[in-house]
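There are structures below to look over.
What follows is chain A paired twice: with chain B in the first complex and chain C in the second.
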Partner chain A sequence: MVASAFFDVIAISTKLNTFIGGCSSPEIHLFAYLACLLTLFDREPISNWGYGFIVTENGNPFGLEIEKGVNLNVSRGNLEEVDGLYTLTKRGKGEYSLLSSLGNFVRREKYLEGSCSSLAPLPLGYVRQGIKSDEAIRSAIKLEQTNLLFTEASLSIMYTEFAEILDVIGSKTSNLIIPSSIWLSHRTKRGQKLDNND
Partner chain B sequence: MDIDKLQDLAQKSVLIPIFHTFGDVGIEAYKQLTIAIRRLFFHLAPEKLPCTLVICKFTVEGIHIDKPSPAKITDLEYALSFIDTCTVNEVVLLEVIDERSYQMWKIESVNCSELSVNALVYRISTEQEQFIVDGKELEIFNPSPLFASIFSIPTFRSLEDALERYKHTSARFSRCRILKSCWVQNEMIYYQNKPERIMRDSLLQFLEDVLRDAEIRPEQTVDESHPIDIKVTWLQTKRIALIEIKWLGNSITHESKFTSYSQARALEGAKQLADYLDLNKIRVPTHQTMGYLVVFDGRRRGVTPETTSMSCVDGLWYEYQEVKYAPEYHYLRGDFAEPLRFFMMPICTS
Partner chain C sequence: MTNLSFPSLTRVKLSRFSLYNQQPEIDVEINEGVFCLAGANGLGKSTFLMSINFGLTGLVRDPERQFASVEEFYKETAAYGREFFTGRITESDRSLAEVGIDFGIKGTIYKITRGVFDKEGLRECLVSDGEKTIIYDGRNESAVERQSNFEQLLIKQIGLDTFQQFAFLQLAVFTFDESRHLLLWDQNALNQALYLCIGTDYKKAAKAERFRRDSERAASLARNYSWRASQLRSDLRVLLKALENPLFSPEEIENFETIHKDATEQVDVSQKVVDVKKAEANDSLLRWAELSSQMATINANYELEFSKFLKESADIHLHPIIRGTLEEGNCLICGSENENVPLNIRHNLEEENCPLCGSKLIPARPPDKALARLQDLDKQLDKTRNDLEEAFKRKSRISIELSEAEKNFKSSLGSLQELEKANEDLLKYLRIHSGDLGNAIAVKREAMEELEHKRDEKYKERDDKREAHLKLQKELNNEYEKAKADFVPIFKNLAISFIGIDLDIRGEFSTTQTTQGLSLSLEVQGTIRRNHQQLSESQRFFLDIALRMALATYASTSHDRATFFVDTPEGSLDIAYESRVGHMFAQFTEPGHNLLMTANINSSQILKRLARECGRERMTLHDMTVWTELTDVQKEEDLFRDVIAEIENEFDEA
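This part shows the complex of A and B:
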C-alpha cells in the first residue's frame, strides 16, 4: 500500500468531519479523486499523485490504494466505522497531526484541503454531480461498466479548463477552494445540460 | 469550454471578491463562517426565520463587535430559542468568534456595509441571502430549486427519510421551483398537461441533492414499453430502489381538454410497479430491489375547466383521504414499500 494513500484517508476523514460529520468509503474515494484532479491546477503530472483511479459502473471514482488505506486506518484504530460512516478516533487525530507535519505530506495538504473545502460553498450533492460530469464517468454510468479515468482526452480538456479558470481568477492563490468551486459549478451545469439531451 | 459561461460563473462566485478584498485570511474566514451557518441551519429552517439574520466573522485578529450585553453561547443549537423570540422588525446579529464561541444580539438594525469593512458578513431575510464584502452585496448562487438557502441543504442516507422530507417540505406546498411549474394557476387547482415529467424532475433533483452514496437516474428501462421513473442504486451495497410516480387530480391542455385521475390511477401504478419488480428480479437477480410508489395528490372537489378559485372545503377535501389499495402489495410482498401519497395544498379563497 502506498503511504500517501494512508495519509490521504486520514486527512480526508478529518476535513470532511467538519462539513458532513462521518464520511462513507465512496465519499473518501470521491474527495481523494478530486484532490488528485486539483494537482492539474499546478500543472503537475497526474502520476505524481502516487496512485490511480478507475470509475465503477455506478459512476463513483475508486482507488484501490485508498481502499487499502481505509482498511489499514481502521485496523490501526485511526478510524472507527459505525453504520457505514467513518470518523476519526483520538488516536487518528494524533496520527494525522504527526503525519501532516512531515515533508512528504505537507505538499498534499493543499490539494486535500482544496478538495474537501469545496463543501464550504457547495452542497455535497452538487460536488458529486460536478465530478460525475466527466465524460469517462458518464460513459461508465450509461454502459453500467467500469472505466479508466485520466484518459489523454479527458486530461487535455481538464488542463484547458483549469488554465481558463486561473486566468479568470487573476491573482495567484495557493487556496484551491476558489478554482475548485468554480470548476465544479461549471461542470454541474454542463452535466445537467448533457443529461437533458440524453 | 464556453468561456462566457465560465466568466459568468466566476463573477457569481463570492469567493473571488472575498479573496481580492481580504486575501487568504478572507477565505479562511469564509470557511469558518459557512460552517457556522450550516450548523445553525441544521437546527433552524431558514424558511421559518421570524426576522433578519446577520452572521459575521472578522478577518482581523482581536477585533470583535463591541455592543453591550451580548448573549454568549458555545453551541449554535442554543441560538434557536434566542432567534425564535425575535419579531419581524428586529435583526439577530451573530458574531462567530471561533468554532465553540459565538455572541449574539437582538437589535433594531445592523449597518452591514460598515461591518463588512473588517468582517465577512452574511445576511438572510425572507429567503434572500447575500454576503456583504467591503460594502458590496454579493448574491449567493443557490443551485437547488428546493431550499431557501444553499447552506440548509440536508443530506440523507435513507431514501425513506429523504422522501418523507420531500413530502412535507417540497410537495405539500409546491415549494420547489420545478414542481411549481406543474400547475396552471397560482391557486394550484389543476395541473398542466402531463405533469408527471415535471414531478419526476423535481423529485429527481431533490434526491440528487440530498441522498448520500447513491446514484440516481431517471427513466430507467425495466421492460421495453415502460421505463421506471427513477432508479436509485446504492454505491456500497447491492441495493436498488425503483420509484414509480403517479399523479391524481385534474389536468388541462392548451385546447382545454380536461383529464381527471382518481384513486384508480394509483392502483394502476401499484400493479405496474409490482410488474416492474418481477421483471427486475429476472434482469438483476443478484441485487436486492425495493419498489416505491409515489403518488402526487392534487385532487380537489368539484373542479371543472371553468374553476378559477377554490374554497378550503373543496380544496382540502382529499387532504386526509388515503388511497385504498387492493391488492395491498406492500403487505403481500417484501420488495414493495408502503405507497407514499404527497398531498399538494391548493391556495384557497375562503
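This part shows the complex of A and C:
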C-alpha cells in the first residue's frame, strides 16, 4: 500500500464527514478518483498521483491502493465503520493533522480539497453522474466489463475540456472548486444527453 | 557415344528431418525403374528430392542464381543449402539432421552420410565392392578428407574430370526441379551440358568455360577502361578550352567570390550553433534523467519510512476487533460469550502479548523519529521536484532552440546550394584555374593514355581468349556432328511422344561476339523457336525434360544408366497430354534408366499411364502422406486413398 493512498483516505474521510457525515467505501474511491483527475488542470502527469484506478462493471471507479488504505485506517483506529459508513475517530483526526504537516501530502491537499468541495455547489448524485459520463466508464456499464481508466483517448478529451474551462475562468488557479464544478456540470449534462440518445 | 557411368540409388535415409513431423526418420528403398514419391501440397516432396541431390553433391540449387560457369555454379551454390534447410529443420535437430544415400556404380557400393548443416564434408563414407572387400572406409579421417576421397573415387568411376562437373550435371541437367529452369534456352549451361554429355574430353570442357569467362571479364574491364579514358578526354577538352578563352571577367569573379565566401561562412556558423545546441540538448536530457532517477529513489525511501512510521505508531488496543471484543464482552472472531473473553484479552495486552497469535508486542510510541525522517525526505523531495521542473524547462527551451538552429542551418545551406547552382560554370572555371593549369593538363593526359593502353591490352586479351574458346567450340561442334545421328533420334522419340507434333532439334554454331559456340535450336512444325515464349508453358517444360533425358540417355553406359529427377511435373496439362507425359517417362526408363520423381496425389494421368506401362516390376509408388500432419482440408483422406487405389489398379493392367 502506498503512503499517498493512506493519506488520501484519511483526508477524504475528514472532508466528506463535513459535507455528508459518514461516507461509504465507493464514495471514498469516487472522490479519490476525482482528485486524481483534477491534477490534469495543472498539466501534471497522471502517473504522479501514485496509484491507478479501474472501473467496475457497475461503473464505479476503484483503486486497489485506496481499498488497502481504508482497511489500514480502520485497523489503526482512524476510521470507524458503522452500517457500511465510515466516520473519522479522534485518533484519526490526530493522525490526519500529523500527516498534513508533511510536504509530500500537502501538495495533494489542493486536489483532495477541490474534489470533496465539489459537494458544496453540487449534490452527490450530480458528482457521481458527472464522473460516470466518462466514455470508458459508460462503456464498462454498457458492456458489464471491468476496464482500466485513463486511456490515451479519454485523457486527451479531458485535457481539452480542462483547457477550455481554464480559458474561460482564467489561467492556473490554486482553488479547484470552480473548475471542478463547471466540469462536473458539463459532464452531467452531456451524460444525460447521451443517455437520452441511447 | 560418351561413356559415363552414373550412380544408381538404392536407399535414402533422412534423419531428424523435423519437416516430416509424423516421421522424422525416413528410410526408403529405391528400386530400379521409376520411384514416385506421392504426396499432397506442402508436405515436403521437393525437400525429399533436394535432399537426395544434397546428399550426393553437398549442394542445393539456388533458384535465383544465373548460371555463369561450372566452377562458379559450384562455389556460389555452396552456402544456399544451409539457407534452404533452415526452417525445414528445427534448431534442436540442427546438428543431428543428416542425409544418408546408398548407391552403386560399376558394381561398387557407396554408403555416404552428410550432415545437413555441416560445412566441411561427409560424416560417413564407406565404399565396397558389394561383397566383402572394403575399398575405402573414411571412419578415421576428417570430414574434409572423407569428402575429398569420395569426390576422387566417384569422379574416376563416373568418368568426368572434376566433381564440380558431376554436381553441375546432377543438379542442372539431370534434375528438373520446381524452379523450372530451362536448359534449352540457357546458352552457357547448355553448352557445358553438351560438352559433358556429348563431348569426350572433359578437361577441354573446363578449359572452354575458362576461356569464355576470361574473355567476358577482359571485355568488361576493357569497357571500363574505355569509359574512364573518355571521362578524362572530356575533362581535357574543358581544360584546353579554358586555356584558350577565359570566360569570366575579373570583376565578375571577385564579386562571386565575396558572396560565396559569405554564404559558406554563414553555413559554417549555423552548423556550429547546431552542434552546440545538440551538445546542450544531450546534457539537459542527461540531467533530467539523473534527477528523475533521484526522485524515484527518494520516493522509494519515503515509502519505506512511511511503513516504519505506521508500524511504530500502531496501537493494537485500537484495532476494531480488540476494541469491539472488549466493549461488547464477546469475541468478535469466534462469537464466544463469557466473562473470560475480555479478561483474557486484557491480560494478554498487559503482558504485552498479541491476543491473537501470542507474539510479543512492540509498544506503540510517538512516531517522532519516523516523522522526523519523513520530514527530512519531504525536503529532499521538494528540492528534487523543483530541480526537475527546472531541468524540464531547460530541456524544453533547448529543444526549441535546437529546432531553430537546425532550421537556420538548413536555410543557409539551401541558399549556398542555390548560389552554386546558379553559378555552376563560374565555379567549374574557378576550380580549373585554382591550380597550375598546365600541370593539370599533363597529368590528365598521362592518365588517359595509360587507360587507353590498358583498354587495348584487355581487348587483345578478350580476342585471344575468344579465339581459343572458338577453337574448342569447333571441336565440340565436330563431336556433335558425329553424335547427332544417335542423339537427335533419342530426343525426337521422347519429345514427340509427348508433344505429338512434328519437331526437330538442330545444332547451331555461331561465331558472333555475343553468342559464340555451339547451341541447340528447336524447330516445331517448321518454325524455329529461339525464344521460350514462343511455346506454351507445358510445351517448353516437357521439351526441356525431353532434352535432358536425351542427354542422360546418350551419355550413359549401358550398365550404369543415368537417373533423372523430376519434381511434381503435373501442371497445366490437359488429360491427354498428362497421359503422354506418362508415356514419355515410361519410354525413358524402358532401356534401363531410372526416374526419381515426386507427384501430387491427384487424378493426373501421368502416374496412371506410368503405372500401366511400367508395371510393378519397374515402378514403385511411395505414399508420403503419413510423413507429415495433414491440414483439415487434406485430412479428407478418402480422396487420397481413392486416387492411390486407382493408380494401383493400373499396375494390374500393365
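Keep in mind that, in the parts below, the second predicted complex is superposed on the first by the 196 of 198 C-alpha atoms of A that agree within 3 Å, B and C clash if a C-alpha of one lies under 4 Å from a C-alpha of the other, contacts with A are read in each partner's own complex, and residues count from 1 in each chain.
Throughout what follows, a contact is a pair of C-beta atoms (placed from the backbone, for glycine too) under 8 Å apart; a residue touches a chain by one contact, two chains touch by 3 or more.
Keep in mind it's a predicted model, so treat the numbers as computed, not measured.
Engineer: Please tell me, clash or fit, for chain B and chain C sharing chain A in the overlay.
Structural biologist: On the superposed model, which is not a single observed complex, chain B and chain C fit side by side.
Engineer: Please work out whether A:20 is in contact with chain B alone, chain C alone, both, or neither, and reply first, second, both or neither.
Structural biologist: first
Engineer: May I ask for the angle at the C-alpha centre of chain A between those of chain B and chain C, rounded to a multiple of 10 degrees?
Structural biologist: Given the fit on chain A C-alpha atoms, the answer is 130 degrees.
Engineer: Of chain B and chain C, which one contacts the greater number of residues in chain A?
Structural biologist: B
Engineer: With the two structures laid over each other on chain A, which partner does A:3 touch: chain B (first), chain C (second), both, or neither?
Structural biologist: Once the two structures are laid over each other on A, A:3 reaches chain C alone.
Engineer: So, does A:45 touch the first partner chain B, the second partner chain C, both, or neither?
Structural biologist: Touch partners of A:45: none, neither chain B nor chain C.
Engineer: Look at A:102 in the shared chain and tell me whether it touches chain B only, chain C only, both, or neither; answer first, second, both or neither.
Structural biologist: second
Engineer: Note down the smallest distance between any C-alpha of chain B and any C-alpha of chain C in the overlay, whole angstrom.
Structural biologist: Here the least C-alpha separation of chain B and chain C stands at 20 Å.
Engineer: Just to be sure I follow: which residues of chain A are touched by chain B in one complex and then by chain C in the other one?
Structural biologist: The overlap between the chain B and chain C interfaces on chain A is empty, containing no residue.
Engineer: Under the touch definition given earlier, write down the residues of chain A that touch chain B in their complex.
Structural biologist: 18-20, 24-27, 56, 58-60, 84, 117, 120-126, 129, 141, 157, 160-161, 164-165, 168-171, 173-175, 177-178, 181-182, 185-186, 188-189, 195
Engineer: Once bound in the complex, which stretches of chain B touch chain A?
Structural biologist: 1, 3, 5-7, 9-10, 13-16, 19-20, 24, 27, 30-31, 34-35, 38, 141, 143-144, 150, 153, 155, 157, 208-213, 215, 217-218, 233, 235-236
Engineer: If you look only at chain A, which of its residues touch chain C in the complex?
Structural biologist: 2-3, 6, 72, 74-77, 80-81, 91, 95, 98, 101-104
Engineer: Under the stated contact criterion, what part of chain C meets chain A in this complex?
Structural biologist: Residues 302-303, 306, 310, 313-315, 317-320, 323, 371, 374-375, 377-379, 381-382.
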